[in-house]
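Structures incoming, each one as C-alpha cells.
Heads up, the next two complexes both have chain A, just with different partners, chain B and then chain C.
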Partner chain A sequence: MSTSTTDARTAAPDGGSAPTPPRDGRRTPMTPSWRVQRERLTAGGFMAPAVLLVAVFLLAPFAWTVYRSFFGDTRTSPFSWFDNYTLFASDPALFRSIQNTLMWVAGTVLLPFVLGLAIACMTNASRFSRLARLCVVLPYALSGSAVAVVWNFMLTTDGAVNQVLMALNLDSLAHGWLLTWPGNSVVMILANAWQATGVAVILFLVGLQSIPPETLEAGALDGAGGWQQFRHIVLPQLRPVSIIVIGMSLVNGLKSFDLIWVLTQGGPGRATETLAVSMYNETFLELRPGAGAAIAVVLTVIVLAASWLYLRRQLDVKGE
Partner chain B sequence: MTLGRVVRNGTVAVLAALWLVPTWLLVVNALVPAGSYSGSPHWLPQDFGLFANMAQAWDKAHLGPALGNSLVYSVASAVAAVVVATFAAFATIIMPVKRRVLWFWVIYSGTLLPLQVFIRPLFLSYAESSLYDTQFGLVLIYTAIAIPFAFFVMRNYALTLPREVIEAARMDGASWWRVFWQIHVPLSRSAMIAVFVFQFVAVWNDLMFGITLTTSRNIRPVMAALADLQGNYSNVGPPVVLAGALLVSLPTLVLFFSAQRFFISSLRITR
Partner chain C sequence: MSAASGRTGSAATALARRRFLAGAAAGAAALTAAGCARGDSTSAQPGTTSISNDNATWDDGYRSAGRELEKITGYALRPLSNPSVTSYQQVVQMTLQTSKATDLVKWASGYQLKRLARAGGLTDLSGVWDTYAAKGWVRGASRSAVSYRGKVYGIPLYESYYVLFYSKPVFKRLGLSVPRSWAQLLDCAEVLKRNKITPFLGSQSGGWPATEWFQELVTKVDPHFYQKLIAGKASYTDDAARRAMDIWHDFIRKGWMTSPDFDQARGPGALKEGTVGMFLHGTWQAQGIAAAGMKPDVDYGAFILPTVRDSTPKSVIAESGVFTVPSRASSHEAAMANVGSWLAPPVQRTWSDFLQDSSANPKVRSGNPVVAQLQRDVAQERRLPLIRYWESSPPSLIQGNTDDLGGFMAGQTSPATTLRRMQERAQDEWAAWRRDEA
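Right, the complex of A and B next:
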C-alpha cells in the first residue's frame, strides 16, 4: 500500500526541478535520478502511515457521505438530486434544529469571549485572583459527558437551581428547565459556557502577557483612564487572540454533541437538537441515512466556513 | 481608583463563586451516602460515602472494564498519532518532498470536518469488516482522528527547529531513519508530550465513537458507560451518578493538575 502513494508521486513529471540540496551530490556517487527517486521513496515511507490512515478513515467516509446525501433513504433508492437538502425547508424538526444551532453559535461565541476576556483582564494583575481563575478553569478539565451529568443535577425538577429558587421564595420561577423550548437550549448553552470559558481565559491571559507594558505606561502618561487604556491600547493588541478564541468557540459550538446527547438526547420531542445531534438522530434512530448524510454535509459546510475565520490568519503566518 | 479596585475584586469574587457552585455541588453530593440522600441537593458535606458511591457506580455501570478500555484507547491512540504525525511532519518539513502544500492539506483536512460526516460510513464498514465492537477498531479510528491535528502542531514545531544539526548529520552519512530518531525526536520532545496530553484528553472524553462503534460492556469506553449510568439517574440516585462522573473525570483532572505546564502549552501550541 505504501508504495502506491510513493509511486504516484515519483511517477509525476519532475522536470529537473527536484528540490535536491547540493550537499547530497558530494556525499553519494549515485546517478542523480536514482538518488532523487530513493530520497522520495523514503520521504513517502515517512508520510505513508499518516496519509493512509487519514485517507481511509476520514477522507473516504467523508466522500461517501457526500455521495450518499444525493440518494433517498432506502438502500435501493435512485439518485434524487437535492431532495434530502430540501428537507431543511419542509421538516419542522430540522427547522428547529437550525434555530437551535444558530442559538448555540451566538451563545458559544459571545459568552466565552466576553466572560473570558473580562475574567482574564480582571485577574491578570492581582494575586488573590489565582484562586478565582482556578475556579473558572477547572471545569475545562471535565468531559462534555461529565458536564452534562453535573448540569442535569443542577437543572432537574428537584435539582439545585429549583431548590435555590424555592429557598428565595421565587417558586413561580422554578420549573423543569430542560422541558420547554427555548429555555432548555438556553440553559444548555449556559452549561457549555461554564465549561468553555476556561480555555478563553487561558488564551486571553497569554495574550495579555505578551502586551508590552511600555504601551500602557505611555498611555497612562498621556492621561488615558482605565477604560480608555483598555479600549484603545489593550483591546487592539488582543486582536489576534480574539480571532482565535472566536473561531475556536464557534467551531466547538457547532460540533458540540456530548452535552446535548447526555442531557436530553435532543428531546423532548427533538426540541433541543442542533445539527450535530439531528444528524445522529436521523441516521441511527429514525433510520433515514439520506437525510442524515445531507445534514452532515450542511454541517460540514458551516464548520468549514467558520474554520476559515481563524485558519486564514494562522496559515498565513505559519504556512508556506 | 480604590473604588474601581473594590468593584473589580467584587466582580471577580462573585463570578468565581458562581463558577464554583456546580463543582462544589458535584463534590458535596458525591460524598453523600446514596442511602441517606434526601431527594434535594445537599449544600454542605455530611458523612463520607464517596467510596461506597463510586463502588456502586463501578458495579452498576461496569466502570471497571470501561476505565481499562479508555486507558488503552487513550494511551495507544495518542502515542500512535504522535509518532505517525511526527513522521509525516518530519517528511514534509525536513525531507526533500514535492508538493508539500498538497500533502499538508491531505493530512490536515481531517481535523476541519465534523465527526458526524464520518460516522455512518465507518459504522457500516466496521460492521462489514468485523472491526465493529473491537478494541482494535476503536484504537484505529481514534488514532486516525487524532493525526491531522497532531500533524499540524508537529509541523509548526518542526518549522522552528534549526536545520544545521540535521544537515550536518546527513553530511556525515546518517540515514533519514537515524536522523529522525536520534535528532528530530529528541528535539521535538516537548511538543510531542503536549500533543500527547491533548490527544489523550480528547480520546478519553470522546462519547460519539464510543456509543456508535461498540455495544458490549467490555469494549465500550468510559464516557459511553457514564452516559449509560446517567440514563439510570432515577434508579441509582444522584450521589452515585455524580460519584461516577467524578471517578471517570479523575484521570483528566490529575493530568490537568500534575501536567499543567504541558496542558497549558498544549492549548497554546494548538491555536
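Right, the complex of A and C next:
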C-alpha cells in the first residue's frame, strides 16, 4: 500500500500521460491519475466530518451573527446598516466593557506569566518543590464557576476577607470589594490569576527542565551571576514556552465570562462587564439580539487579530 | 516469504484500521443520533400535565395541588424545574416554538406576559377568565395585568404583597411596635441602628431586587405618580421620583441599608439572628422564613411600608405570577382542564398552605396568620393594588433601569444621574414598544 502511494506521488508530477485504454476481458490496473484522484477523495472523506462540523457549528452561525448584526432590535427587525455598531460610541456601558476587556487581557497575560515564571524558577530545584507546585497547580483543576463561588464567599462585603481585616483591627481597609469600579474588576482579575497561574507554572517547569545544564555551567565558568544566567541563558531558552503561555492567557482573557457572571453578573450597574458578558447581557437580558450580534462580531475580530499576531510571532520563532 | 508475510501484516493492519474506523464512525453516529433525539420530559404522559417552573422549591407544592386537581379534572401536575431565571426564560421561549411544548408554563404577568403573547404561541384564556370572574374567583383589577390586546393569556398563579418582614422577639426586646406612620418608621430605624442592627435589607445581588426599594418608595410618595410613570406618561425626573430617590439615598448614607451585595437568600437567617431589622420582600418569602425555623405571628410579623405623608393614598405592590398554556402543548386538552380548575378553592387552599402566601382567589383565606392579617388590612384600608415594577413596563426598559438602580445602590451614580439615565432609556424604549405595537 505504501509502495503504491509512493508510486502515485512520484507519478503525479510528470504523470500527465493519458490513461491506457482497457483491453478486452482483462481487468485494467489503476492508472496513476485515478490513484491520485482516489487518494484525494479518501483524504477528502476523512476531512469531511471535521470540515462539516466546523462549517455547520462555527462558520454558519458566525455568518448568521454577522448578518443579524445589521438588523435592528424592534419587532420587525429592519435593516439598520451599522446602527448596532455605533452603540460602541454612544453606550457608556459598552465603553466600560471595552475598558474592562483591556484590563482583563493585560491582567490575564501579565499576572500568570510573571507569577508562573517566578514560581516555576523558585520551585524548580527547591526541597519542597513538589508540594509547592501541587498547591499552585491545584486551582487549575477547578471549574471557573466553582472558583467564583469560593471567591464570592471571600469578597462580599460581609465575606471572609472583610471579617479577617476587621478581626485584625484594619476596619478602614474593609470595603465592598465587588461594588466599586475599577477595584471590582481588579479583584476578579486577581482571582482569575490565582486559578490560571497553575498551568503557566507547569509549562515553565517543562521549559526549565529541558534547558541543558551545560549551558548554565558554561555561563557560570564565564563568571555570569545568578541574574545574568537567568536573563541571558534561561530566559532566551524559555521563549517557545513563553509564547504558549502568553497565547493561552490572551485567549483566556478575551473570553473571560464564568468568573464574572457568577461573582457580579456584570454589575453593579454593568460596571464589571467584559465584551463577552455584554454580548450575553444585550442578547438575553436586554433582549437586543442585533446589538448582541454586533458585540460578538467585534469580539471575534479582536480575538482573531490577537490570535493572528500571536501565531505569526510563533511561526517566526520556528523559522529562526 | 518475508515480503508475503509483510503484505499479510499490512493487510491485517488495514483491516484493523478499517474496523476501528467503522467502530468509531458507528459510535459517532450513535452519539449524533442520541444528541439529536428529542427528550421525552415534555411528552404527553397519561393522567398528568407538565409545568415549566423556575423555582425548584415549589415542586412539592405543585404536586400537592396537583393531587387536588386530579380529583376534579383527572390530571395531576408534573413540575419540570429550571432554577436559573435567565436560562428558564430562554428555554421557555424556544420550547414554545417546538411541537413538544410544556402543557403549562409559569410566567410573570404584565409586560413580561405581553411580550411572550406578542411573539405568538400562547392560548387565549379569556373564556377561562370569564368563568372565574363569574364565580368571583379572580380580582377584576388583575385582568389588565394578564391581558394583551384585550385577550387574557395568563391565569393568576398566586398573589403576593410587598411587605416588610420583621422579627417579633427583636422588636419586643427593643420596645418597638409596628410603625403606622413614616415618623414611626424612621424612629424604628434609628433605634435598630443604635443597637447595631441594620434596619433594612436592600440588595442588588441577582439583579431584580434592586427595584424593590425603588417601587416601594415611589408608591409611598405618590401611588398615582407611579401609575403614570410605569405607563410611560410621567418622567423619572419628576419631583415624586426625585423625592423617593433622595429618601433612599439618605437611608444608604445613614447606614440603614445592608450592603448592596447582601445575598437575599440569607435574609430569613439574618432576621432570625437579629442582624437585620426589616426585610422588604414579597409575601412568598414566608415559606423561606418558615424554613429558617421562624413561626408566623410568633417569631415574625409583616407590615406594609407606611406612606411618606399621612395624606398620601394607601397602596400595596402586588405580584402575581401566571400560568400560560402554549398553543402547541403536548396535552393541550388536559392543560386547559387544569388551568380551568386551578383557582378552585380546594386546590388553592392546598397551594396557599404550601406557599404560606395569599391565594390569587380572593375567596380563599391564607393559612398563614401574618398573611391573612395583611389580606384583611389590604381589603379594609382599600389599598390601591399596584403592579410590581419588574412587570410594569417593556422588559428592555425594566432590565436597563434595574441595572441603573443597581449602580446607584453601589454608589456609582447620584440620585439625579440615575433618574436622568432611566428617563432617557424610558423615552427610547417606550417609543420602540409603541412603534412595534403600531
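Following the convention adopted for this analysis, the second predicted complex is superposed on the first by the 266 of 320 C-alpha atoms of A that agree within 3 Å, B and C clash if a C-alpha of one lies under 4 Å from a C-alpha of the other, contacts with A are read in each partner's own complex, and residues count from 1 in each chain.
One rule holds in what follows: a residue touches a chain if its C-beta (ideal position, glycine included) is under 8 Å from a C-beta of that chain, and two chains touch if they have at least 3 such contacts.
As the structure is a computational prediction, the values presented were derived from the model and not from experiment.
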Superposition on chain A - do chain B and chain C clash or fit: clash
Which superposed partner A:157 touches (first chain B, second chain C, both, neither): second
First, second, both or neither for A:42, with chain B first and chain C second: first
Contacts of A:286 with chain B and chain C, given as first, second, both or neither: second
Contact breadth on chain A, by residue count: chain C or chain B: B
First, second, both or neither for A:240, with chain B first and chain C second: neither
Touched partner set for A:141, first chain B, second chain C, both or neither: first
Which superposed partner A:271 touches (first chain B, second chain C, both, neither): second
First (chain B), second (chain C), both or neither touched by A:181: second
First, second, both or neither for A:76, with chain B first and chain C second: second
Chain B/chain C common contact set on chain A: 49, 156, 158, 284
For the chain A and chain C complex, residues of the former touching the latter: 1-2, 49, 73-76, 93, 156-158, 176, 178-181, 265, 267-271, 284-288
Residue ranges of chain C in contact with chain A within the complex: 10, 14, 28, 86, 89-90, 115, 118, 204, 206-207, 259-263, 395-396, 399-400, 403-404, 406-413, 432, 435-436
Complex contacts: residues of chain B adjacent to chain A: 4, 8-9, 11-13, 15-17, 19-23, 25-26, 29, 39-41, 84-85, 87-88, 90-92, 95-101, 103-104, 106-107, 109-110, 112-123, 125, 140-141, 143-145, 147-148, 151, 156, 159, 167, 170-171, 173, 176-177, 180, 204-205, 207-208, 211-212, 223, 226-227, 230, 233, 238, 241-242, 244-246, 248-249, 252-253, 255-256, 264, 267-268, 271
Residue ranges of chain A in contact with chain B within the complex: 9, 12, 14, 18-21, 23-24, 26-27, 39-40, 42-44, 46-47, 49-51, 53-62, 64-65, 68, 115, 118-119, 122-123, 126, 128-129, 131-133, 135-136, 138-146, 148-154, 156, 158-160, 163, 194, 197, 199, 202-203, 206, 226, 244, 248, 254-255, 257-258, 261-262, 275-276, 279-280, 283-284, 289, 292-293, 295-297, 299-300, 303-304, 307, 310-311, 314, 318-320
